[in-house]
Amino acid sequence: MMEPNYEAQLTREAIDTEKARSWLDDPGCGAIHIFCGVVRDLNRSKTVTAIEYHAHEPLALRSLEKVVAGLVDDGATKALAIHRLGMLKVGETSILLGVSLPHRKEGFGLLERGMIEIKSEVAVWKHEHYRDDAPEWIEGS
Amino acid sequence: MMEPNYEAQLTREAIDTEKARSWLDDPGCGAIHIFCGVVRDLNRSKTVTAIEYHAHEPLALRSLEKVVAGLVDDGATKALAIHRLGMLKVGETSILLGVSLPHRKEGFGLLERGMIEIKSEVAVWKHEHYRDDAPEWIEGS
Amino acid sequence: MELDLLLFASLRDIAGAQTLKVDLPEGATVSELLEMIAQNHPEFAPKLPHVRVAIGDEFAQPGDTIPADQEIALIPPVSGG
Amino acid sequence: MELDLLLFASLRDIAGAQTLKVDLPEGATVSELLEMIAQNHPEFAPKLPHVRVAIGDEFAQPGDTIPADQEIALIPPVSGG
């Protein structure tokens, strides 16, 4: 039986970049591209202390699967997306998107497109917590 | 004292993607981009069993430093390049290039440019080992 | 038919709850659902132009019929990643 | 002055060694070094149009003077990454 060549996950555990790289590994691939979206300490001029990521889980997972399946359709040998949910501190990875392919050239564009699709289609919302203000839901990216 | 915001390394140890991600981490960064070049099992129609990476080490390290310094000059908050040397099996990472920055958009182009510079300027050579032929030096990429 | 619509993000704050109970005629479409909410729950009206409806694990089209046996959700603009 | 030029990749195979001993006049430039190799070691001639010279940890320009006290290397087209 063939191993599936794409994978989408929602998780409440810390995302391990090395484990993602291992999953993407393939003997025919000379290139592995990984993008990590990370919680940063500043958004819209407010000091962010943490972000809670909340999802419509079945819908989000389905959309995430469509994104990685699309990347494989368009040339990735393997594609992996993992979105973290729950409360994240500054510096933690909220999304990891990765692709492997024989040569690196097309990988940059595939990851960029995948992230645009994730940002517009995956049913996840940030509830941002600030040092000096009440938490806010972010809608639209 | 300020931490340096770029780093270049030559190593004979396996490259750990998660450790690289941690080094790139910065509270002001929402994006971490990592590219791994990996030994693949086919090159120029020959079955590759291993590649030995050989360097002019001082020259290679200096060029690698210039590449990552250039990425920081052009907008990366941090930039890291690690080139592995010695004998590598199929599937192992030979080069890791990573950048972190506040927003992801510019990161794809920075990594792509950095890899082009590494491929043309860093004094490292592949000695490819094949299943069915004598090993060959690769010159030019 | 009675439905508990799933709410997300700011819609939960507006409702003060995770769901919104609505009563719809059988065969109502997605756009009829949204019109009904705008009329009966005007506190949601400013949000609705940007809200999509999901049926189960798929986004729905305006003309789709609302089924009685699947989860229906109101999806404000997403902000994941 | 006598120099041991560092060789890499296919240049090592051609020389059957990791270095090439050359004797240069004081003040010789990088391009004079390459011309001298082409004349005295014709087995390298086909490679030289694509070879760069490094002085210490920097690539040199054709007009640079070869110093006596730094490592001089012949750099064929690289293939790392």
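Some notes on this structure:
We call the chains A, B, C and D, going by the order they appear; numbering starts again at 1 in every chain.
Here is the rule we use: a residue touches a chain if its C-beta (ideal position, glycine included) is under 8 Å from a C-beta of that chain, and two chains touch if they have at least 3 such contacts.
These numbers were taken from a predicted model, which means no experiment stands behind them.
Chain centres here are means of the Cα atoms, and by that rule the chain farthest away from chain A is D. For this pair, chain A with chain B, the centres built from the Cα atoms lie 23 Å apart. Centroid to centroid, with C-alpha atoms defining each point, chain C and chain D lie 73 Å apart. Distance from the chain B centre to the chain C centre is 48 Å, each centre being the mean of its Cα atoms. Mean C-alpha positions place chain A and chain C at a centre distance of 26 Å. Among the residues of chain A, those in touch with two or more other chains are 37, 115. Multi-chain contact residues of chain D (touching two or more other chains) are absent. In terms of which chains touch, the assembly is arranged as an unbranched chain of neighbours.
Chain pairs that touch, as defined above: A-B, A-C, B-D. Contact residues on chain A toward chain B in their complex (touch as defined above): 16-21, 25-42, 90-91, 93, 100, 102, 104, 107-109, 111-112, 115. The touching residues of chain D, when paired with chain B in their complex, are 6, 8-10, 13, 50, 54, 56-59, 71, 73, 75-81.
Of all residues in chain B, only 37, 53-56, 58-62, 83, 94-95, 115, 118-127, 137-141 touch chain D in the complex they form.
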